[in-house]
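First, the structure itself, so that you have it in front of you.
Naming follows writing order (A, B and C), and every chain is counted from residue 1.
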Amino acid sequence: MAAAGGCCAALYSFLFEYDTPRIVLIKSRKVGLMNRLVQLAILAYVIGWVFVWEKGYQETDSVVSSVTTKVKGLAVTNTSALGLRVWDVADYVIPPQGENAVFVMTNLIITLNQTQGHCPEFPDKTTVCSSDKNCTEGFISTHSNGIQTGRCVVNKGHSKTCEIFGWCPVEDDENVPRPAFLQGAENFTLLVKNNIWYPKFSFTKRNILPTINKTYLQSCKYHPKTDPFCPIFRLRDMVDAAGQDFQEMAVEGGVMGLQINWDCDLDKPASRCVPKYSFRRIDNKDSSHTVSPGYNFRFAKYYQTPEGVETRTLIKAYGIRFDIMVFGKAGKFDIIPTMINIGSGLALFGVATVLCDVIVLYFMKKRYYYREKKYKYVEDYELGAGESYGSQAENQQCRDVR
Amino acid sequence: MAAAGGCCAALYSFLFEYDTPRIVLIKSRKVGLMNRLVQLAILAYVIGWVFVWEKGYQETDSVVSSVTTKVKGLAVTNTSALGLRVWDVADYVIPPQGENAVFVMTNLIITLNQTQGHCPEFPDKTTVCSSDKNCTEGFISTHSNGIQTGRCVVNKGHSKTCEIFGWCPVEDDENVPRPAFLQGAENFTLLVKNNIWYPKFSFTKRNILPTINKTYLQSCKYHPKTDPFCPIFRLRDMVDAAGQDFQEMAVEGGVMGLQINWDCDLDKPASRCVPKYSFRRIDNKDSSHTVSPGYNFRFAKYYQTPEGVETRTLIKAYGIRFDIMVFGKAGKFDIIPTMINIGSGLALFGVATVLCDVIVLYFMKKRYYYREKKYKYVEDYELGAGESYGSQAENQQCRDVR
Amino acid sequence: MAAAGGCCAALYSFLFEYDTPRIVLIKSRKVGLMNRLVQLAILAYVIGWVFVWEKGYQETDSVVSSVTTKVKGLAVTNTSALGLRVWDVADYVIPPQGENAVFVMTNLIITLNQTQGHCPEFPDKTTVCSSDKNCTEGFISTHSNGIQTGRCVVNKGHSKTCEIFGWCPVEDDENVPRPAFLQGAENFTLLVKNNIWYPKFSFTKRNILPTINKTYLQSCKYHPKTDPFCPIFRLRDMVDAAGQDFQEMAVEGGVMGLQINWDCDLDKPASRCVPKYSFRRIDNKDSSHTVSPGYNFRFAKYYQTPEGVETRTLIKAYGIRFDIMVFGKAGKFDIIPTMINIGSGLALFGVATVLCDVIVLYFMKKRYYYREKKYKYVEDYELGAGESYGSQAENQQCRDVR
């Protein structure tokens, strides 16, 4: 026949013949309904879940972000060491500008007028000494403030400690000031400007929405209910939102995550794509699990005496670092994922047939009867045996034809 | 029969029987061609679009990046306050090193020799006063430079303002210098070293391509046409490329995005994987929509007088922050996505058959005739009626057999 | 018949009829086995590879991370310029805190007591001069330290060079100190605190595992074998792990990548989700390919003389920047990818049938015989010819029925 003929006959039949599988139509309420139900379930899954719920028809892209921050506020302190003092942004924000984070100093241990020289080491179990024998010249440990000279000297009234060469006098950070030095920090405000970009869709947006006007921005404070889109955050509100106590956190410092979520469905109007703010404490709360609880670092201001001697003021700054974490996915209709999902959806339909076939052919009373209808046996070997029930099958078939 | 026999007979037939659907071959130009065309379309989509265009056979990974920057250049200024002065990198890059961003100061408001003390507040609607009654002791607002003492004092010739305690004299940032203080900044150059990494493929590359030699690097400047791979950028060129005016931007500052796109097809030779640079202004241009237009921050240099009094020079630095944004996806052949796409592609072929069946069986003149060929009716209930047209169907079938 | 009847009849048959394709069962060891083997292969692929190996049933999310670092250690230097000097964290970590990176100064070129004034330029091929003619007033190049005054002056005993106005005396960075100034840096330790978050699964974890107690943390040092989870790294160990020589790297500086890999299978207990540390040198090793080999930047400490003249100490800091790169993917069971994979897996089964059909119908001895069984020809046109072999087909069919 055609396909058996010459090449062009084959092509001819290939082009002009349409082949469709032969079907057995079984009139059975049970099976029929079951079949449709299974198909319905699959359809419901493909349409409802994959497409409506999970938006399987969308291609996604993850966010590229740029953040700038600005802190505002003043704090007043009055201590014996420093007297009455006002702290402004230039004093408590270190470094003056960050990229995705800003550090606000809330507490500090200040050591004035340090110079390179000799002085007794800060007393701890390794540095306390009774005589020079206890001190090794040139010894440095990870916790020491300088290199030991090998001498054992009196440490202002205290027990004697080994003498060191280094920045003197040494810092005494045994006790962190409590309550925090800059309690006023809780009223500082943090302005966050965030510009996001979805490269794949070349979609860009700011967290200062076009609907927001200047006067509103000058007065507003973020509030999850009343002002969800105001980009100005009171420090304390953020810490509270994270379920922490600001004054407690201020003492030893910590790290706060200001999370900006930009999940957007770009098939909807761009105005529906808005930031969602959330707050989380990131560093380890329980001091038991960490070597240096909270968050602090040391820095120094360097001076020069008229005689040209370099002195410095060492500051161990405790404070809260606000990490602005921007994340999110944008989705937009795309043909590829759609087709992939449709394709596999269709494939799943096969399951329905397979399932019903199994039931019809193996579990129903009339299974033999159905099998005969569905199957046609063709012998390839053992002609005798094969022929026997092969024909028998066909006979039955022909029988119920007549 | 076999499947009905004992378990091992079932296994036997399972293993040694091959079942393939029975097909009706309809010799019809119309349907045949249509069927092939639909299949062709699907094939074209699967091959052409999914595989060739969208590279559906590739697994993708997103970039991990590390950036270092270096600014070069000098600016000369001559003002009454500071006299003739040369600004070098150490002066105008703050902080001296960043991670993915570098800030170049282009304009500044400098307040010399501030000390903690009493002075009149900067005059604005809230601080102007006629008598002490207008001033509340201890009052601090977000915009105040210090804590009010409650007295109303003369503000050098101007109207009287409330006295404050804080860093004195207070900064006067009412007018931003115009033109920008460091106009020369437009000729500064920015060297960007970017090293990227695709962990999944353990593929790493630098933006300083192996083809680039040292002498070229010392002389070259980036130009989209002539020098697309030179990693040294003239500040002004970047701002121009973003469609902005440098001198205008320099006044109030701003944020520029230097975007490095590393989209790579790793099935091609690694040398084809090169960075693409693009430039974008990130901060909000129109001042109407933002509380603090442009980009600026405050920092201070701290000094100590011989008497040990701490003084500082407060600088409100306006400038351009260059955010180096590195992004991109690498794709490499992988069996999983390939199979997924092939699989769903195959499934889509089913559509062709379904479609044609519908047409053949419902819309063609000879549809009844085709139906008889395709379907075989099997009764399950109401034997009488069912039998009747069930047989009738088969009869027709047998009829056109003879 | 039913489908041809009124709409409701159609619905009736749609609901209560079950259609399943008619199958030819070919009893052939060859084909049967082959068919099963192909199916087995596909099954093995779908189950084994996609699901077990590639975890195709999981939805993935990429990591959101926050990093804090703390360096500890002291270095002692003894030079003619500075005398005996101890360097602590506040001295060698610049800026005092970073976000995902920390810079440790290992080498430096220090220029003391610079003031704005006139002095000879640093000698190089462009600045050496014999007379004022060689110098252009107001000339500035990218490498110059100031603006040329146009005069040619003696450069302390050396050949004469053009005079400049700028920060004087000019920095002499011709030779980098070798060995590195702060050799002791190799013993510094870096504590890395990393908190990661998988937003999609709201799963969060720290690199300081709950199993680690405080005493361990105070003493431990990271070691790939013995202490793989200790977050405290000795600088030299990291550089060694990257296959670099610390003292060599310390001279000109460089960038090290501390990579933290957080690949997690969240279907397993959370305790199995642990960080993997690895180390890599990021900057370009071979100096031939880069304008500024290694890693360095300039910064200055500003002082004021009693007369109020601003002086500064310029420091060109060479050092190692440690970039903490956090990456990873978390996977968790999700219905969508599972179904997609199952779906396309099923579709692939189709391949088996197609393949075997081709063999059976085109390559086997008895192919014509099989074709007759599989196909039923239906004429649509050229009734004569068509009918002829159409019937012939059916006849054969009927023949082997009887």
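Everything that follows uses one rule, which is that a residue touches a chain if its C-beta (ideal position, glycine included) is under 8 Å from a C-beta of that chain, and two chains touch if they have at least 3 such contacts.
All of these numbers come straight from a predicted model, not from anything done at the bench.
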{"item": "Rotation angle superposing subunit B onto its copy subunit C by C-alpha atoms, nearest 5 degrees", "value": "120"}
{"item": "Copies subunit B and subunit A - interface residue numbers shared by over half, same or different", "value": "different"}
{"item": "Approximate Å spacing (C-alpha centroids) for the pair subunit A, subunit B", "value": "16"}
{"item": "Shared interface positions of subunit A, touching two or more other chains", "value": "19, 21-29, 31, 62, 95, 99, 303, 306, 340-341, 343-347, 373, 375-377"}
{"item": "Parts of subunit C lying in touch with subunit B, wherever the complex brings them together", "value": "1, 3-4, 19, 21-29, 31-36, 45, 49-50, 54, 56, 62, 94-95, 98-101, 103, 116, 140, 142-147, 165-167, 255, 257, 259, 261, 280, 282-284, 288-292, 295, 297-300, 302-304, 306, 308, 312, 314, 317, 321, 323, 325, 327, 340-341, 343-348, 350-351, 353, 356-357, 360, 373-382, 386, 391, 394-395, 397-398"}
{"item": "Residue ranges of subunit A touching subunit B (in the complex, touch as defined)", "value": "13-29, 31, 62, 64, 66, 68, 70, 72-74, 76, 83-86, 88-91, 93, 95-97, 99, 113, 189, 191, 193, 195, 197, 199, 206, 208, 210, 212-214, 217-218, 232, 301, 303, 305-306, 311, 313, 335-336, 339-347, 349, 361, 366, 368-371, 373, 375-377, 389, 393, 400-402"}
